[in-house]
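Next, two complexes with chain A in common: one pairs it with chain B, the other with chain C.
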Partner chain A sequence: MMKPLTWWWGLVLAFALVGVLRIFLPLPFIIEVLIFSIYTLGCNFLLGRVGFISFGQPAYLAAGAYATAFYLYYFGTNPYVGILMGIAAGVAVSLAVGPLFVRLRSDYFALVNLALAVIVFYLMQKVLAPITHGDNGLWFLTTMSPTPLLDITRPGQFFVFAFVVALALWAFYKYLDDTIFGACCLATKVNEDKLAFLGYSNFSIRLLAFVIANTTTALAGSMYAIYLGFVSPEMTSPARVADPVVVTILGGVGTLYGPIVGSIAYTGMKDLISRLIGNWELFIGFLLVFIMLAGEKGIWGTLEPLLKKAALRIRNRWRNEVSGRR
Partner chain B sequence: MTNGEAILAVRGLSVAYGESKVLFDIGLDVAARQIVACVGRNGAGKTTLLKSIAGFLKPTSGSVASDGTSLIGRAPYDIARMGIKYVPQDKKVFSDLTVRENLELGSYATQDYDWDRVTDYFPKLKELMDRKGGYLSGGERQMLMIARALLGKPRLLLVDEPTEGLAPSIVAHLRDVFRELSKKAALVIVEQNLPLVCAIADKVYALKEGRIAARLADRESIRIEVFERYL
Partner chain C sequence: MIDAQLLASGIIFGLSIGSIFFLMAIGLSLCFGLMRIISLDQLLYYSIGAYLTYSISLATGSVWLGVLAGIVVAGICAFGVERLVFRRIYERELTFSMITSFGILIGGVGVIKFIWGVVPRPVPAPVEAQMSILGTEVPVFRLIVIAIALLVYGAIWVFLNRTIIGKAIRAGIENVQHVEGLGINVSRLFTVTFIIAGSLSGLAGGLHAPLIMVDPQMGLEVLAFVFMVVIIGGLGSIKGTLVSAFIVGQVVSLGSLIYAPLAQMAPFAIMLLILLLKPTGLYGSPLLKR
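Right, the complex of A and B next:
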């Protein structure tokens, strides 16, 4: 287990880097990275800690986004209340389907979640079209009222909000890792029987993990809705279901920094390659296959031991220099 | 048998994996502070018996009760919370967790944080607290698994082939630990190490092809040559 100071400093450093990147990179890109990394956090927790691969994350993303959108389009104007609605929707949907889904094995879990994403897509696109406006989506960018202190209707201040939320969530997930609950999650992934004969209910642990992960995803959906001032069924399109899983694997499954590293890499690749090549999705597909084959540990999983070695070497050299001077 | 209900009473227990019957009409009694051994060849149904008692397998018929309370239909974690702990054969601890974290898992579930009591049986664990489970030897893993199971002061320990593949010195240590443990809890031990069984068991059930072939209930009759007649 890492010493608290080590990971806290690592976290602050990683986010300071994102803050610095803000100076050089366009604001929409950085905001996209932050929200996408929150989106991926839940998937990373499910896959890396609980052992559940989920192709249904867009369903929970849409739950958060549409709850926020419904509130801001039909009922109110305060975006913070909209975000609370999104979080509540995440908890509600997770609690509604979780007791059924978490009883399944990981492969069936992946498929049933995929089915849920497809159901939500058609619900939003067709069945609930009278209130969701189908493919046209719901627009509320201009109806949101400015908020005091941090006005998240403005992109610059929304960046600060997204930055703080992402940092807080990272700290929360790291804290979870170090708790008994975190250990139980890892244990249920490795061997559920052993956890049971210690006196733990695998079902309860998985359900709680499921609710936490999918509420995080719903929060990301809510943030997308506020930032764009618009939601459409496109976000839960069957073509998008693999995105968070791909980014999780790309960044490094179960690693602390994997989601942010994966999000930077994935969003960056999309952004850069789409400017150069017409059929960029095809190119990204091949690139991802190559990356997966080259290192199944993902980018951060591959870099982490190398960086640790380099840090150790620098520290030893620095110590030798200091002792030499004395 | 001691006064009151048996710590474990199994009656007419039959278990099947799908269509394939594995245990037939098993009867077994364990009194408080008694060491009961189950012996038999591979495939005799010893592990299946322990798993059925611990709630991992659903019997097709029969009853399993502890202190008069039926265990049938209860979830394994519920049975563990009743003080009936299962120590499996495979010696797989949570390999990504340290010894300390493995013990914390046991402690949190039972709210028993008295680690000195359990590490007194296995002092070596104190030196290994920060080592990950994956880096422990077979003997160290077995110690950790038993230590973890002892948290919460169980009434009954179900131990599956604890000495399999271990060095003689560790087997001797475990033998002493089991004797010591039997002063506070009952033990059901599935074991193929017959000298160990003869040294510690108060009662022995010999299983053959899913049936009880013999029940040896007095210390005089618990001898290797007697077992060999049934196995």
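Right, the complex of A and C next:
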């Protein structure tokens, strides 16, 4: 089952396509897509694998972004250390709230996470304003020192960095799907009583999944911070809490490449529509309703079976030709 | 320490804010109890109510007429949305309705921006008079808001306990299949409940409009508070909603008297505390399954 080549080829193909897109699309767009897809990856894992819908992902995004920003603004200059700080903050925050949250039923989980996002918003905007400079945000683009090997303070090389990180994360999540832990996550979504009967602890599986997913989100946050060189509370404002959920569903819940496809579609539409009518919320909202009514499979969820069928047909024809020639 | 006058006006302020929260949360709570959906689009009907109050009061000069129009239009919108969208998703999972209704909410906010623009607009208070309570001047309009909320609570109580439709709704909250088995048209019951919920949200918007500025994002701004009210009270419980609405109102108002940023933070801390002690909220029944 774990043949290295068949295991890798989908991943390599997908990221080769992203690399090709880099040639045709402007750099800011493709970087935005990469970071956004990492951001959505955590939400997709929670929703598709563990069955938790989280309207609170911006809270963890902000945790990562602000940890990076604090480090770069007040203490150091090395962006790589900043990213490590962001990851550490993600782990710390999700370990702090996780044991409390994962006990809740899925509907309460969604609402409590939403509340957390709003808490973080006000925390950053008002309560911690002396440190975070409130709505003005923290600017540190010029204080970051260039790094050797891969200078991520420059957009061109930041793209390479984001690309490598995304590839590693996707490989990691694909690997998770194949492990016993991945199977347990699915089982806790489908039937928690049976899983408990098999001797696994629902609580610890959910907690681990929660920490993994939210650390991924925090990583996306610190990448945003490095790329933009500034953070403001706007990223966790109540109006943006649904973004990752929308993109997850747009791409296809629980599919591996859904987040990438969803991010490309969402970011592209946002760009196009805001250029045309400046009122893109209207469009996104009704698109969401339409997708939900049309069958909640999302873009990749609909495309994947078709592509697989097509690939199979091509392979069969090729095999027939080879055997016919003999 | 805070002096008595400030405290008195703070409590009145908290009660009036709590009344608004109650009127909106009751819709969410009823929809969850009976239809097992989380209907975030209630916040859209709230904005619609507020904007109609603005437009009609500007055109005719009467805020009360605007509130009335807001209730009616919000009810009509709720009816349309129920027929077009929710009818198809009652059978699906709970989170499904949550995402769909969030889509309706964002889309609706887009429509509002399209019609009225993004600039916040003021609405005049219908009653300018002040009243003296315990030596403090209190706007009469806030007292009227509190009175209306209590009146609505009474009316809902009578409706649920004394009329056939209300009794059917209560029975439906316990077990929908049994109600259907008794030959009651459940689908019509759902529509009626949804329209009531939407109109109450419209009423909340109309009453809140003179107290704040009307702007397109207003639904998203109160979203978190209404959620908190519903969570603290327990999804599906009317009494719990009333109690928790007034708790949250008081915490917001008195918290801001002690330390301004506390107004937004303190309710969340209380919600986390209550969820820690009682994961289903104050009055939520642990038996509720989806």
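To be clear about the criterion, the second predicted complex is superposed on the first by the 318 of 326 C-alpha atoms of A that agree within 3 Å, B and C clash if a C-alpha of one lies under 4 Å from a C-alpha of the other, contacts with A are read in each partner's own complex, and residues count from 1 in each chain.
In this section, contacts are C-beta pairs under 8 Å (C-beta built on N, C-alpha and C of every residue); 3 or more make two chains touch, one makes a residue touch a chain.
All values reported here derive from a predicted model rather than from experimental measurement.
Clash-free side-by-side placement of chain B and chain C is the outcome of superposition onto chain A. When both complexes are overlaid on chain A, the residue A:I23 reaches neither chain B nor chain C. Residue contacts after overlaying the shared chain place A:L186 against chain B, while chain C stays out of touching range.
Considering which of chain B and chain C touches more of chain A, the answer is C.
With chain A used for the fit, chain A forms the apex of an angle whose arms reach the C-alpha centres of chain B and chain C; rounded to a multiple of 10, it measures 80°.
Contacts of A:L306 after superposition: neither chain B nor chain C is touched.
Looking at the shared chain after the overlay, A:S106 reaches chain C, while chain B stays out of its contact range. Touch criterion not met for A:V322: it reaches neither chain B nor chain C.
Applying the stated contact rule after C-alpha superposition, one finds that A:L276 touches neither chain B nor chain C.
In the superposed model, A:F197 makes contact with chain B only, not with chain C. When the two structures are aligned on their common chain, the gap between the nearest CA atoms of chain B and chain C comes to 8 Å. No residue of chain A lies at the contact with chain B in one complex and also at the contact with chain C in the other.
On chain A, the positions that touch chain B within their shared complex are 1, 180, 183-184, 186-187, 190-191, 193-202.
Taken in their complex, chain C has these residues touching chain A: 38, 85, 88-89, 94-96, 98-100, 102-111, 113-114, 217, 220-221, 223-224, 227-228, 230-231, 235, 260-261, 264-265, 268, 271-272, 275-276, 279-280, 290. Interface of chain B with chain A (complex): residues 54-56, 75-77, 79-81, 85-86, 88, 92-98, 101, 104-106, 108-110, 148-149, 152. Across the complex, chain C is touched by residues 53, 100, 103-108, 110-112, 114-116, 118-119, 122-123, 126-127, 238-239, 242, 245-246, 249, 279-289, 292-293, 296 of chain A.
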